[in-house]
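Report on the following structure.
Chain IDs A, B, C, D, E and F follow the sequence of writing; residue 1 opens each chain.
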Amino acid sequence: MASYKHFLVDTPFPFIAHVQINRPKKMNAFLFRGDVARIQNRHRHPLPVPRHPSHNCSARDRAFCSGLDVQAASQNSVLAQKNSTPTDTARKAVAIKRHVQEFQDCISSAEKCEKPVICVMHGIAFGLAIDISSCADIRICTSDTKFAVKEVDIGLAADIGTLSRLPKIVGSFSWIKDVCLSARIFSGDEALRVGFVSYALPTKQDAIAKALELGKLLAEKSPVAVQGTKELLNHARDNKLADSLKYTGVWNSAAIQTTDVERAMLSGLKKTRPTFEKL
Amino acid sequence: MASYKHFLVDTPFPFIAHVQINRPKKMNAFLFRGDVARIQNRHRHPLPVPRHPSHNCSARDRAFCSGLDVQAASQNSVLAQKNSTPTDTARKAVAIKRHVQEFQDCISSAEKCEKPVICVMHGIAFGLAIDISSCADIRICTSDTKFAVKEVDIGLAADIGTLSRLPKIVGSFSWIKDVCLSARIFSGDEALRVGFVSYALPTKQDAIAKALELGKLLAEKSPVAVQGTKELLNHARDNKLADSLKYTGVWNSAAIQTTDVERAMLSGLKKTRPTFEKL
Amino acid sequence: MASYKHFLVDTPFPFIAHVQINRPKKMNAFLFRGDVARIQNRHRHPLPVPRHPSHNCSARDRAFCSGLDVQAASQNSVLAQKNSTPTDTARKAVAIKRHVQEFQDCISSAEKCEKPVICVMHGIAFGLAIDISSCADIRICTSDTKFAVKEVDIGLAADIGTLSRLPKIVGSFSWIKDVCLSARIFSGDEALRVGFVSYALPTKQDAIAKALELGKLLAEKSPVAVQGTKELLNHARDNKLADSLKYTGVWNSAAIQTTDVERAMLSGLKKTRPTFEKL
Amino acid sequence: MASYKHFLVDTPFPFIAHVQINRPKKMNAFLFRGDVARIQNRHRHPLPVPRHPSHNCSARDRAFCSGLDVQAASQNSVLAQKNSTPTDTARKAVAIKRHVQEFQDCISSAEKCEKPVICVMHGIAFGLAIDISSCADIRICTSDTKFAVKEVDIGLAADIGTLSRLPKIVGSFSWIKDVCLSARIFSGDEALRVGFVSYALPTKQDAIAKALELGKLLAEKSPVAVQGTKELLNHARDNKLADSLKYTGVWNSAAIQTTDVERAMLSGLKKTRPTFEKL
Amino acid sequence: MASYKHFLVDTPFPFIAHVQINRPKKMNAFLFRGDVARIQNRHRHPLPVPRHPSHNCSARDRAFCSGLDVQAASQNSVLAQKNSTPTDTARKAVAIKRHVQEFQDCISSAEKCEKPVICVMHGIAFGLAIDISSCADIRICTSDTKFAVKEVDIGLAADIGTLSRLPKIVGSFSWIKDVCLSARIFSGDEALRVGFVSYALPTKQDAIAKALELGKLLAEKSPVAVQGTKELLNHARDNKLADSLKYTGVWNSAAIQTTDVERAMLSGLKKTRPTFEKL
Amino acid sequence: MASYKHFLVDTPFPFIAHVQINRPKKMNAFLFRGDVARIQNRHRHPLPVPRHPSHNCSARDRAFCSGLDVQAASQNSVLAQKNSTPTDTARKAVAIKRHVQEFQDCISSAEKCEKPVICVMHGIAFGLAIDISSCADIRICTSDTKFAVKEVDIGLAADIGTLSRLPKIVGSFSWIKDVCLSARIFSGDEALRVGFVSYALPTKQDAIAKALELGKLLAEKSPVAVQGTKELLNHARDNKLADSLKYTGVWNSAAIQTTDVERAMLSGLKKTRPTFEKL
């Protein structure tokens, strides 16, 4: 099992990776010049998303994530404006743009992962926690999770993905603007009502159990079917209907040739459980 | 009244066609090399969507549709891999792509129909049932309808429209991914809560009655206004706001010249019921 | 304070403009050859959206708006077909297209306003009221507000923005088609359930109080952060994810250089209230 | 060999169809309520584009096409305004829109053909001739061909594809606007200079010989490679670079599995001529 | 005839406006805080594009335009960085963005003009001259016109339209990048070879004569056809083929109902010259 | 100076990197399982595009590149079909798709480079040579360079970028289809005529000299202006005009705040040569 400074990763069931943010003294606040960049450079998957298991399930411990570690960032980051090296505004802007894009790439890696990612949230889920969880495929939380799109309160528009993804994953634009402009806290129950999460459960144990149960269910299915479904849904979100239908036909022209279809159909008729090769 | 092998079509009220899938012994399972292709070739409207009536309302009997007839398909379709004619992978892929696109065109015809299509679902609505109903304008179901995006369970990503359309007709992307990746069954009540359907009613009779009532209401309105509204909403779903506003202006530059506007406005002021020419 | 013929505008708190439609004898019906065009020409902001205040909050009095003044329009507008000057159909179409685009621009100005716009609705909110409120960022109503996308009942497809914007601000496409095709009345509570509004409150006083409270909250935050958040969310609604993330990086490359970030972060650490320059 | 009323079709070489418009008394003018619709209904490929041969090459005899048969059209078409059945402007507009879309579909079929289409032009190539040839993959003409985008001279904007396709197949937008707005005649040599055609040859015999030579060359190559190249270029023309690259990867994930690659590579190394299965 | 401080406008033929930049002492350099803004505010058409004439033709005198008046701009514009009012980088950025958008709108008005715009260039055509002429429909120049995309030489990327429009109006991207990155001067003959202009003529008199001749030709045609052609070509440039074909059908559903079609067709058959109503 | 196995990199002038493909025994054929992947993993810039110099100029020695090393590839690559590890068609397709995307990313890095890339071609430029050079900003060749889009001759559609980029960098779609479908050889002079290259010069020395001269010219200009110009042109190629104009305004809102503008404008007025900070 891989070892990371600020993450715990284990494999509770075959093909399922359980990843937890592990910086308890800082309420799981994120450091963004430090670790993430280092993880990114070494692994190209800043959130440790294992490539090989068929499916994985990211559940994270304690306060899910209290957002950016503001104290650290105010001293040592692109947000710390003093003694920043380029003094020319345009050159500083280029440096910021590069930094934001790298940070976005780092967080977006969960979305680019070919396997489904389930995100469990509890306790506090502020700022960066929304950016991270918006990249997951399925979101689960505890009823009392405290969510906030907190960035306006530190003087900036959220730029690591929240504002780009929320309009594509939640239906009510009025609600999205309300929480993004006001930075107000909303509960897990409200998150369920508006469709940001799929399940809001009483306790952290319940939420993780639900995620693992769902993860196991997905892990038993054809990975060709599961990964194709993820890819085609993400494509549909971003494209016109006609383009999406066309892409689907091209995608399945190879995917349907899998022996998984025959295995699955026969199992269905025979009421047995199919097994599938890794993908 | 037209006659079809696997559909019942009648006209309960003027300008309303009531279409029912009629393959009761197979739980209304769909045959997809057989009938559909034949209907498509002869009528170019595989689901018998009449062109002339001003409005129609598609309600289907018994188990709405239990999806693809897997038994038939496993022996005699593109999914039956043995003895398939082209042996070269790329040529087989082209054959599959052509087949999927024809099948998509066949199902999409409900969406291309210029008149509103209302879809009533009850009993079981698996697989292809979701593809079909996603093309309708308004979905109505019974509270106890059992829905499932079932395709992953036969080893493939749904490719006849479900994955392309769901992200455009339901707001919660987390819910969409949950049901599409897990293939779990969800009820009519859940479908209402997330916005997949507009009404979930106690019984099949209630659901059909609601659809007919709504169909009659639409049939009494100006067909210029109704068909324009359908077209402009479908355009808006797929296009940028500025393009959509522009298209609207061009569309209405002819449509507003209809005498229906004057008739409707005068009727409104005089509290009478207007009548409109067929379209 | 500016003075308008059909609007009341006041400033209950710094940086907050309270705008009310003021045509009580006509249930706040809109005149669309008359005032709007005149306001548009003179102010280029037909709805009087002040440019200078940091934030504003548009709440409107009594029946929010009963839509187009049909009686006036039937005599003196593009909808009055008799004695219209160009007799050639194509030339008439060009005149209509120009008129619709000007009217759209007029109503869209609320959306183009760089500051957040909160729209409070109560009583009757028909036709044009939906066009107008769809341009606001956050919608608030009373539980008993009567909403209707009324245009089909006067023989036309809504063309001032409702059909273009609803699919981008509400998740359930089945619901949208239901209300737009049927022109049926729906309540404030239903509007809340489907996500058209963010809050449905018992009385008009409650609704306005909520809007003012929210407006004050936004007015205290960094205008760089607030306006950037509005812009980036609107961009995300219309663009592919990758384009949206890229635009965000470029936008923030200048915006993050604001001193508001430092002020906000220090205030956060020191638990004091930051103040920000006007924008 | 199929027989058509207004087309001559023969097969000079294996896998090559040579199609000629055959209405010499009318300078190959097109009839657009008559034949085309009938061909379309029966064959769904109005221009007789054979489905089975691997490649085809459309060269047309004498005056390539003198455009729409205006005399016939002025008496019996959507352009003949008297005694047209729907009298309501909006209903007439719907009828026109349906007609234009069917006509576009008819002409676009050459573009949708999976095999390459080469278009040879000579003599007069007015109006519809530009619509038709713009759908071909490669255009060849005689130096003295007389081209014109003639539609403005009969009072309408070309609507069967010329205005939609020219900006995507010729680089100079100033030249495109010049010829489309002025309807002036331009020669084959000018067409070559601006890139509308690939070759301008002295005589009709030369032009047809060039087309057949090119057709034979394409017919000897892997149809998997040739058809994929056509599809991917058409996709690139309409899509963003990133989307196009992605689509290419998905397309080739099946196509590269063809045995054609091995055959072609071995033949290349052994200096022999490969043969490929039909597609 | 309207009178402008820095433009000469006359009407050499019916329906043709001849507009000339008139600031000879400054080589027709453009002032961009001064006149343009004032013209824009008063007329909303900063370049005096008359609305009523059916067609117009913009030819400009002497050095076509030597670009921005750098001397004036360095003292009194957004480019003069000293004593600029907002000191916060983000607020300054907002001010710049607003300024650039207003300036773009000002220049883009030639493109939004519904009538064709022909631009004649001669002498020097630097910087802003490229922005302006890129908005015209047809470009004509003298062979010895000296063109340059000059902006990089004053330290900035051209932002008033050149970089956005050149890739859509010239085919060779390698040539575009060469001239935009190097700011090198290119001649009228080179402009013709790459397709930036449609005609390069020996003298200014020839160029203006050509423009007027072309303008007269367009002025005699159906304005419904001419304006539709301009609109549909501009739409095609920016949209996918399928969307463009669809838009065309909707556009012509009203436009084809013009009596201009009948007049033009009859005139064509009778060999007479048709006359058309103004549009 | 960095050292690479198959590339020579030197710095003939400040801020200019001169990169040459260096595999002379194999006519500079590309190995595509071997070196490129290794370079990619280690440097993330497979073509050694230095990050720090302000500008660079890629000129490559001898036969520019004879394409893929087919002999090596036929034994040891994704194209060698025997003994490939996944035997399931769908799993093989996923492996191919991943491979193609990595290869595309590798080649696209030249395009993503923020500095201008000039590509000099001579001798033979087949297959991959077109993919590589299409990513450059400016292409220069010798008159006798032999170009070919060679992929159809090894049984596949070019998938590393040629088919995606050519329609966006060359205007004549008929020419593009001709050379891509036929795989015929075309000369440097033809490449110049159609706009694929900007200059075709007699000898390799002339071509490299031209590239270095152009590189030096760019290296002396403001890097803020040069890099912004590259970015905005690439954005315009892929986006609608309105989106491109908007992006330009946001981009320059930071970029114009550079001191380079003042330096450049003053130098222009004083006729001195400005110097700029690195970017």
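The working rule: a contact is a pair of C-beta atoms (placed from the backbone, for glycine too) under 8 Å apart; a residue touches a chain by one contact, two chains touch by 3 or more.
Nothing here was measured: the structure is a model prediction, and the numbers come from that model.
Visitor: Would you mind checking the shortest number of contact hops between subunit A and subunit D?
Guide: 1
Visitor: Interface overlap for subunit B and subunit D, more than half of numbers shared or less than half: same or different?
Guide: Same-residue interface.
Visitor: Between subunit C and subunit E, what's the gap in Å when you average each chain's C-alpha atoms?
Guide: 34
Visitor: Averaging only over C-alpha atoms, locate the centres of subunit B and subunit F and give their separation in whole Å.
Guide: Each chain reduced to its C-alpha mean, subunit B and subunit F end up 47 Å apart.
Visitor: At which residue positions does subunit E touch at least two other chains?
Guide: Correct list: 89, 93-94, 168, 170-172, 194-195, 224, 237, 239-240, 242, 250-251, 253-260.
Visitor: If you look only at subunit B, which of its residues touch subunit E in the complex?
Guide: Result: residues 239, 243, 247, 250-251, 253-254, 257 of subunit B touch subunit E.
Visitor: Provide the residue numbers of subunit F that touch subunit D in the complex, in ascending order.
Guide: It comes out as residues 70-71, 73-74, 78-79, 81, 89, 92-94, 96-97, 100-101, 104, 108, 151-159, 161, 163-168, 170-178, 180-184, 194-195, 237-239.
Visitor: Once bound in the complex, which stretches of subunit B touch subunit D?
Guide: 86, 88-91, 93-94, 114, 224, 227, 254-260, 277, 279
Visitor: Touching residues of subunit D toward subunit F in the complex: what are they?
Guide: 116, 137-139, 168-172, 194-198, 214, 217-218, 221-222, 224-226, 228-233, 236-237, 240-242, 244-246, 248-266, 268-269, 274, 276
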